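Below you'll find a set of structures to go through.
One chain, chain A, links the two complexes that follow: it is found with chain B in the first and with chain C in the second.
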Partner chain A sequence: MAIRLKMTGRAKRTKRHRSAHDSASRGSPLQRRRARWGGSRGTRSAPRGRRTKTSSLSVLRWRQEGARIGAAWRSEHPHGTKEALRDYAQRQWSVKAQAGAAGIRALDWPAWRSAGLAFARGIRDGSGLAVALMPLALRGRAAAVVSAGSDPDALRSTLEQLSALPLEEIVVVLGEAPEALWFAARQHPNAVVTHVPQTLDPGIGRALGAKLTGEDIVLFADGSMPVPAVALASFLWRCDGGMDAALNDCASRDRLFHQRGEVPWMKEFLNMSLGRPDLKTNSLDALPFALSRTALDAVGASVLAVPPRAHAALLVKGLKVGIGGRTPRTATAEELAAGDHAEAWREAITAKGPRLHYQDKVRNRSVVGGVVHDTGIHPYPVL
Partner chain B sequence: MTRASILIPSYNRLDLLQACVASIRKHTTDVDYEVIVVDDGSTDGTADWCRREKLALVSLPRNEGFPIACNKGMRLASGDTIVLLNNDTIVSSRWLSNLMTALYSEPSIGIVGPVCNYVSGKQQVHYPYVDLDEFQRIAARVNVSTPKKWRRVERVVGLCLVFRRELMEAIGLLDERFSPGHYEDDDYCLRARLHGFGLLICPDALIHHEGSATFRKDPIAQRQLVERNYQLFLDKWHLDPHVFI
Partner chain C sequence: MTKRAGNRRKRTSAYRAHRRTGEALIPPRLSEPTMHPEQDASPRFAPRVSVIVPVMNEKRTLARVLREAARIHTRTEVIAVVNGSTDGSLEIARRSGARVLVFDRPLGHDVGRSIGAQEASGNILLFIDADMVIPAEKLRSFTDAIGQGVDVALNDYSGPTRRASVHGVVLAKHALNALLGRPDLAGASMTAVPHAISRRALETIGAASLSVPPMAHTMAVHAGLTVKRVKRVNVGQLNPLRTSRERTSSLKPLIVGDHVEAIHWWLRNTNDRGGYEDGNRHRWRVR
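Entry: the complex of A and B
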């Protein structure tokens, strides 16, 4: 009987490696393919960053810190309002963020989020006030623009969630609206409510709202679909970190290509034709999204009236467009999409020429004085 | 012809605002315009009235003062000509067309203003009227566009400022440090002149200004505010604004 030696170290590793290769040459075609590629799907949809979990110890510390600050504030202001506490807590959070007290890595949003939520919970425990608070330390100043929709209760919820964030102002845009919607907007103690005496397309409402504010980061929220403050905070965070347009990631919920429908196909093609296949079907028409002041100044607020055109303008101008977060969204109106996308391509072609960034690798145009590659050379001479 | 955006910041004097808007609707038939009311935290139903009257409205959550309210209106305005108008004014026939004729008479003109009975400086005139009907009769005679009456000045009072969008894009909005009010118009006019724009006042555009409704309420506080803002102007420019009046 042969004595089987226990395999250790390099031998063990080599055996595992060899057996994987071995299975690449035996089994059914599918099994062989799987063994070759090391997984059931060939590619991942998006590279996953390494997520650092905030240790439960530091979360506990933040909660205790919040409780201490909350209790101290309450004893100094026995009749203080929730709004005053919220402003105070946000300021305290900003101070601690700048001091780097937590040792949390600067760019890790999940860690900041858990720490912030723990701090907020502590504030509530310590002060005894049920204040809605999403602590967020931003370097710039932020504002929100809300297209009101038609449901007063949803609008109230949206405004309540926005109140938890450190926003300088909240602009609500209403077209001809019923009284209930006006009151839902006006009752908010911090909202700048704009009423325009005509029926407003939501895109035009957003464009008007964007014109009204001059802050560094503008968050666009949907008044008919309340989103929790913690989800909205992610968009502000990304823009504060340098992104020019932080989009809502809807592509992760997409069905298979042939099942998606025409509008997602056009959106994906727009992204691909402008050199951003990684954005897939994501576009600037999915609320919420956030824009930086750089982006708004570069494309102008009025272009937001036609979301695909605004999206194309951002990509053509080379601004930093990325994903800001993932929240459920309302369905877009399909009727306008085709015309809007045509406008988007028209905008891109005006800027980059009819070939956009695609090169003609088949014909030798330069022999007859034509251009091969349009980028940077425009207008395109007709051959 | 260009479109004018008439911006009216208003705080709690709905009666004055109603009379002002009524006069605009009656006497601005020869110019394409939009009215934007900026409700500066009123509690007397100003916002509701504006909505019923189908006026464009920006409703601020609290009283922020003239510069901040005007700036919100200026951001929203879509016209090529911007008009900042106090709510305690009454306009008269051909007021805006005469002012715009002066504004667009030369490319270098940036801001123009009317004349009235109650204002500081060179825009003050003395027409004898005791009520508004008499005022309108006099204004109908006076408001005939006469270029040779226009005068170059160094300051136009903020109760009625008419300027080009091009100027707003060049020099920006009103300076909000002067909130709640006083000397933001002096500051704006100085910035306009530093950018090479000229200022005119138009004796062929007579309007009525009620004046000092705020002052009469609390004269001591108002005087303190004027003093404080005068000092702010001096700190900013190291120039006495009175030399431009």
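Entry: the complex of A and C
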């Protein structure tokens, strides 16, 4: 397929309009409104709509580079395996990314992604091997924790996608698992398998997996819903760039407020009260998400068993919580949500006080003798 | 109002003390003659419904509000808690024949509800605001519900929710109800007026809690009282001036804090999980 060096047709027409940076006066009504609001914290990390386009010239360059490297490797290792090629390609990518441009990290994720994908394509073309590869230049070491689910094929697919990423290890947590699932997990060369022979709550599985790995970035993935490697890479990249928790942006798919139900209401209220209305209904229970080592050390891996509580802990400790990407998520069981949120509130109130710094300076409570009705517990001090 | 001997202000020593020091004036119920001879404390004329109206500066609507309140039931006691009024609302309240509790300085939001509830003698207590004129027929739905056994009769209006993003107070009310295990209440809460409570509810939660309405709401739900939405009164549209004054948005931090305070009370009176089970989690596995 030919790579176009010149833009023609619609690409050329839109390019002319795009050169004027006046998004406040043109675009769809939603884009104009967004331009007027300005950026809000966190959501700009996965921008929608107009993307900075990596010029087709640099994409072509990366592809050619990949082809050259692939061909060179192939000639040196005529019987080399895909895994070896993958490792070699990731190392080459890291080297080139660090050497390539001084401010290359200043580019946003779509630019990195296109360049990486082009490079991978070149590797495949040059070496002739159909290797799944998502080149990602991380400064730290990354690992993944996979909750196995119940479908062996889905698990295999998830592990394949994860193997495209530069991960040091993949921890697969199996609960009550049929043999097929066990074999699917064991087949993968890079996987560390943890098997607890009882039904395992997903949060417990994540906490267990997090305790078993010590890498700088931990990606939590769902074994029952395979997500493409390129989407997972976004989460790793965000955490590598300084974010402590990179969440999955499910709020963009929310229905209208009155249709959402009690769990999104509680999540959104927790976020708003802890000073993060931009997170809306996003929380730490939507897979995939990624956590940095700082975050895991600060809150402790065992708190991941209760996702809302972990979310509250991250926010009250002032860690950098943001959006890492947008992928479809599996519906999570919601019977324990109310109790979990009670724990989350306990966490928040313990850290910030009974009113979370929202003072009551307007009421004259002494006139009514203090406001609390606790038999056996003394009333609050008069405010 | 007709001029009657009972309508004239009695200059008692308590009143003079109030004028001198600016302290709260709570008229002792039995010793001082009240405005209307019918509103004696004798059991035959004991009010069935007490309507409590906190008033600061609402001269534009107060007379109509108090008139509608008095029309709810034949045995209705209207209690106007006038606090920090400077625009003549006090005179209007006195002339209307309502029972007036006067405070020189503003008490703060919702404290007037507690004061009024402490002084109320009806079995049904209805709380309304002085800046919204709601016809007696609509108010009667709330008091009738209490008469039929409901403990807390709420306004079914949750605020505008058919949108992607709602006001923080609307969100807080929905979330609190969800947390308490009452998602059926949606955004209805004792924060909003009009609402009515039974005497049993008042004795369970205590009049003081009414000063922090989400707290009162939480206590009522936690105590297992019958809390229901009974009628939708669109208070967002009744008074366009109210929304343009943006009273609610400047109160948002206060109301959010109230909800957190209510959650704090609830956690202290249940357990770490608000009384909910932990399912089959077996969290000892990751201790």
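Quick note on the criterion: the second predicted complex is superposed on the first by the 305 of 383 C-alpha atoms of A that agree within 3 Å, B and C clash if a C-alpha of one lies under 4 Å from a C-alpha of the other, contacts with A are read in each partner's own complex, and residues count from 1 in each chain.
As a working rule, a contact is a pair of C-beta atoms (placed from the backbone, for glycine too) under 8 Å apart; a residue touches a chain by one contact, two chains touch by 3 or more.
Just so it is clear, the model here is predicted, and its values are computed rather than measured.
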item	value
Three-chain arrangement built on chain A, chain B and chain C clash or fit	fit
Chain B versus chain C as contact partner of A:L60, first or second or both or neither	neither
Per-residue contact with chain A, leading partner among chain C and chain B	C
Touching partner for A:A180 - first (chain B), second (chain C), both, neither	neither
Chain B versus chain C as contact partner of A:L256, first or second or both or neither	second
First (chain B), second (chain C), both or neither touched by A:V196	both
First, second, both or neither for A:D360, with chain B first and chain C second	second
First (chain B), second (chain C), both or neither touched by A:A342	second
Chain B versus chain C as contact partner of A:S273, first or second or both or neither	second
Partner chain(s) touched by A:L208 [first = chain B, second = chain C, both, neither]	both
Contacts of A:V95 with chain B and chain C, given as first, second, both or neither	neither
Nearest Cα pair across chain B and chain C, whole Å	6
Footprint overlap on chain A, where chain B in one structure and chain C in the other make contact	196, 208, 211
Sites on chain B touched by chain A in the complex	47, 50-51, 54-61, 72, 75-76
Touch list for chain A against partner chain C, complex	196, 198-199, 201, 203-204, 207-208, 211, 254, 256-258, 261-263, 265-266, 268-270, 272-273, 277, 280, 301-302, 304-306, 335-336, 338-343, 345-346, 349, 354-356, 358-360, 362-365, 367-374, 377
Residues on chain C engaged by chain A in the complex (per definition of touch)	24, 103, 105-111, 114-115, 118, 158, 161-166, 168, 170-172, 174-179, 181, 183, 186, 205-209, 211-212, 215, 219, 253-254, 256-261, 263-270, 272-283, 285-287
Chain A residues touching chain B - in the complex, by the definition given at the top	182, 186, 188-197, 208, 211-214
